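What follows is chain A paired twice: with chain B in the first complex and chain C in the second.
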Partner chain A sequence: MTKKRIWVKVFLNIFAWFIGLIWILPVIGILMTAIRPFDEVINGWWHFKEFTPTFSNFINALNHPTAPLIVGMKNSLIIALPATILPLFIATLAGYGISRYHFPLRKGLIIAVVLTLALPQQMIAVPIFQMMSSLGLVDTYMGLILLHTAWGIPWITFFMRNYFKTMPISIEEAARIDGASDFQIFYRVVLPNIFPAIASASALQFTWVWSDFFLALILIYSPDKLLITQRVPLMRGVYHVDWGLLSAASIMVMIVPILIYLLLQRYYVKGMVGWTIK
Partner chain B sequence: MAEVILKDVVKVYPNGFKAVHGANLEVEDKEFVVLLGPSGCGKTTTLRMIAGLEEITEGTVSIGGRVVNDVEPKDRDIAMVFQNYALYPHMTVYENMAFGLKLRKVPKPEIDKRVKEAANILGIEGLLDRKPKQLSGGQRQRVAVGRAIVRNPKVFLFDEPLSNLDAKLRTQMRAELKRLHKNLQATIIYVTHDQVEAMTMADKIVIMKDGVIQQIGDPYSVYFEPVNKFVAGFIGTPSMNFIGAKVSKEGEKLWIHKDSMKLLIPERYYERLAPYVGKEVVFGVRPENIYDKMFAVTPSEEFVAEGKVDVVEPLGSETLIHATIAGDDIVAKVDPKTRAQAGDTIDLVFDMNMVHVFDKETEENVLMGLHSAEEEPKVE
Partner chain C sequence: MVLRKARFKHLMMFILPAALLIAVFVLYPTIRTITLSFVGEDGKLTLSNYKEVLTSKDIVDLRGFERGFPFGALIHNLMWIAIHLPLTTFLGLFLAVILRNIKGGTIIKSIIFLGMVMPMIVGGIMVRFMFEENVGVVNMVLGVFGLTTQTWTAYPESALLALIFGSTWLWAGFSLILYSAGLETIPKSYYEAAQIDGASPVRMFFNITIPLLKPITVVVITMTLLWELKIFDIVYVATMGGPGGASNVLALQMYMYGFREWDFGKAAVVAVLITLSTLVAAVPMIKSAGDEAE
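Coming up: the complex of A and B.
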């Protein structure tokens, strides 16, 4: 290796570490604020003269008098689990159909799917509220689950279609000759082999639903029904902001999707083939 | 009885591309038929129509006397081996082979018996618990064949099954498939672009080009009696040499003539070649029918042409000489003891009893039917 190339390498390394540091700094900050008592971080978390690790912020957030996070966590799970499973089930079948069967307007359907991906959520806020209101689904979990399902189906359909396109079709043909019906082919031959795609789509959809604030804000307002993301801002007092409490609450909101990613990490990268467009 | 009959079968794809133009073919019971042709010739499409994976636009396909155009693949009593093996990745070898039987609700002990029998025939008993990922290419190939065998179908369809294997394994599998055919007594339709596979395995070869069947015949007849220039060039390695030349007449004798090359035509061809006197034809001769004059028995000057050697390729058992004769590049398969070297001029003897003449316009074989396979190739 020449001297010049070594320097380039050193420089690139420093640069990469610098970017990494900028990225990780707020995370460290929030963690440091969360695990220390209020008077230790009042002047900023980067003062380390005293350091008394404590879980009290987490416990206080979970049992907050006006917005207990533990209830929010339960509510969010009630929304996020069905709002992940339902669209995944529908969109996987839809994606398979679009990638394997020829039918009139197939291309138009794909274009429609892609177009809906470009739709900003803010645009549908008013019509969705009106629609849910006339259906009597405002302030119900059912309404929000349906909304997330509808919002998730297009991108998961597209994602799954792209994934199916990368799979050799001859395996399915072999199954057809072996005597399998269309549904047997799907459930016994295709489905067992698309776990990576299902895992990554689930992780993304779950994260999306769990972290959603906007759609929840439109539809859910009863205090006892509020989701985890809606509860964090309520923890800010009028005269007093307990940064430790807020940080602990934020970490608890974030930790669930992170755990999901860690759990599915093995498949996640493999499944990302779904984003390649073919 | 499991004969397969294609009658005027046409395949037109939705985009308008006509892949197969009216194919007519009779595959007899227990026959090993190879569909051979370059890529895009419609051979795989034809096979897929027999399998039921591709709709038949026109014409009929019948298997065992029953028209199957509207019969589902699973009810056609066929099994297919795919080029990329198409094993189910999530199943073990055993499950892969048992899958079709399970779907057909064959009783478990029967499945077990049949899978073990097939595994035994193919020498894969030790691999039954493995997943396809843990197998080598050759082993996967065997499993794919095994999956077809257990079903005990009327007709086996093979779609270029050996093209993903390395050369050595391919030679070995070729012999194994041939042996298998003998043992199973099954009808086999086999698609390949490799003419060596076709020649070595087939009872009957079907040569296709651009969706049209060119010739149907046993390996000897397609080799010795190609109907046209395409078949002549496609069968045989190295492929047949083609030289654009003229048929000329001097006195009573006919000659193939081009610049310095002038070769005497045997009398038995005169009748066929009479209409071509004075006209351009394509003169075809296989490399093995050209000899180094030094090693030819009683060479006659009337069969000799002078060539300029470009490249010499010794193969051990024989030597290939790439030479230029009257401006055309030719290949000759000569005795390995030849002393020819690049740059030399060499006298090459043509076995005129084995040559072909093709019409320049239609490319049809003018001498069709005059070279029977039994005839001894000899040098005059």
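Coming up: the complex of A and C.
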């Protein structure tokens, strides 16, 4: 290596870490603000003359008088678990059906699925609200779970179909020759072999349902039923912003998706990339 | 692949549950929103909702060009695209290329990707926090250089720009991750061959990397456009479209019309506007899926 190339390399390394530093600075900021009393960080968390770590912001956020976060956490879990399992099950069946069977309107269904990927939630908001009202499902978890299930099905179907297309069909055919029925093939041969796809899709669907704000906003309004994402804006206050409280609340809302990302990193990124790039 | 002909029981089991839920909770409401947008207060078919919305200051405010913000939600979304799309796309590509040969590059990638993982509601809080007077990290940096420090999201002339730049911090991880995955698929031998022919790194970048990454660029641009057109949570938490509508966007305006003013007709028109623009943005995606379905 020439001298010039070494210098280029050193420069690039410093530059890249500098970029990384810029990117993590706001996260460090919110962390530092959350673990210290507010009067200590009122002129910026980067002053470390006094440093008294405390959990009080987290405790105050969890037991907030008007929007306790702990209840929101429980509520969000009650929504997110079924709203991940249900669409995953239904859409895996659909993805398999589309990739293995020929039926009338098959192409229409595929195009409907893809169009839905581009659809903004605003496009269904008003009729969904009216429909849920007439069914008595406004302000119920049942209504929101149903909606998240339906909203998740298109992308998971699309994702699963892309996965099934890459799977060799020969094993399934061998099982068929051995006399297995189509359903046996699906449950005994196909399902045990698609764990990576299921892991990717569940990680993303769970994260999205947990992070959803808009659908919850139009359907859930009782103070005790509000989800975790709905509670954070309520903590902001109109005239005075308690950044310690808000930071602690933000950390607790994002900790769940971040943990999922860290634990299932491989599947998470595959889900994101595999879904967008075939 | 040869597809098997589906019998009734197959359809019932594999297709029907999904098709039914999509039809009831996605397709029907979509069609209903379209019809709602054409129905007036008296219940008759009319174009008055469109007339009212399209001439409203909320959507396009031409006086903005003389006096500054607000320009109206539609223009704000377009400004978001004009700044955020090139910025995040190039930044992601640039970083993906650089981080390939850096020690600990994966750690830096994970840090940048963090913005994609956090809920957008938290993203909005973070953006607001960065630009806050006294406590915001942006003002810390500006203060070091002796520049003006203020709560940038609180002033009409800077609120939208603060949100746009803040959302660049959130979204850059998307193109970075996609481009990184794309770079892995380019065979090393292409670069080795080019090197033997005496090509410079810059030439290799423009003649090998860029053309081979084209399919990924299409995906990145499509998904980023969709994200920018649907933007809602960040604005809702950070500024609520304010001050005085200076950072308003279409999705938020739809919510305001529909669920604050309870004017479903006007809300439906805005929803149709957003959907038309997302469909235009998604044309490449729809086309490739349609071709494949043959």
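By definition in this document, the second predicted complex is superposed on the first by the 248 of 278 C-alpha atoms of A that agree within 3 Å, B and C clash if a C-alpha of one lies under 4 Å from a C-alpha of the other, contacts with A are read in each partner's own complex, and residues count from 1 in each chain.
Rule of thumb we're sticking to: a contact is a pair of C-beta atoms (placed from the backbone, for glycine too) under 8 Å apart; a residue touches a chain by one contact, two chains touch by 3 or more.
Worth saying up front: this structure is predicted, and the values here are computed from it rather than measured.
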Overlay on chain A: chain C relative to chain B, clash or fit: fit
First (chain B), second (chain C), both or neither touched by A:Q184: first
Arrangement angle, chain B at one end, chain C at the other, chain A at the vertex (C-alpha, nearest 10°): 90
Touched partner set for A:N193, first chain B, second chain C, both or neither: first
Of chain B and chain C, the chain that contacts the larger number of chain A residues: C
Partner chain(s) touched by A:H102 [first = chain B, second = chain C, both, neither]: both
Which of chain B and chain C A:F48 touches, first, second, both or neither: neither
First, second, both or neither for A:L93, with chain B first and chain C second: second
Touched partner set for A:S170, first chain B, second chain C, both or neither: first
Lowest C-alpha to C-alpha distance for chain C against chain B (Å): 8
Chain B/chain C common contact set on chain A: 102
Chain A to chain B touching residues, read off their complex: 102, 168, 170-171, 173-180, 184, 188-189, 192-193
Chain A-facing residues of chain C, complex: 1, 3-6, 10-11, 13-15, 17-19, 21-22, 24-30, 32-33, 36, 95, 98-99, 101-105, 107-108, 110-122, 125-126, 129-130, 132, 134-135, 137, 139-140, 169, 172, 174, 177-178, 181-182, 215-216, 219, 223, 226, 229-230, 232-233, 236-237, 251, 254-255, 258-259, 264, 267-268, 270-272, 274-275, 278-279, 281-282, 285-286, 289-290, 293-294
Complex contact set, residues of chain B against chain A: 14, 51-53, 73-74, 78-80, 82-84, 86-90, 99-100, 103-104, 147, 151
Touch list for chain A against partner chain C, complex: 9, 12-13, 15-17, 19-20, 23-27, 29-30, 33, 41-46, 90-91, 93-94, 96-103, 106-107, 109-131, 146-147, 149-151, 153-154, 157-158, 165, 169, 182-183, 207, 210-211, 213-214, 217-218, 229, 232-233, 236, 241, 243, 246-247, 250, 253-254, 257-258, 261, 265, 268-269, 272-273, 276-277
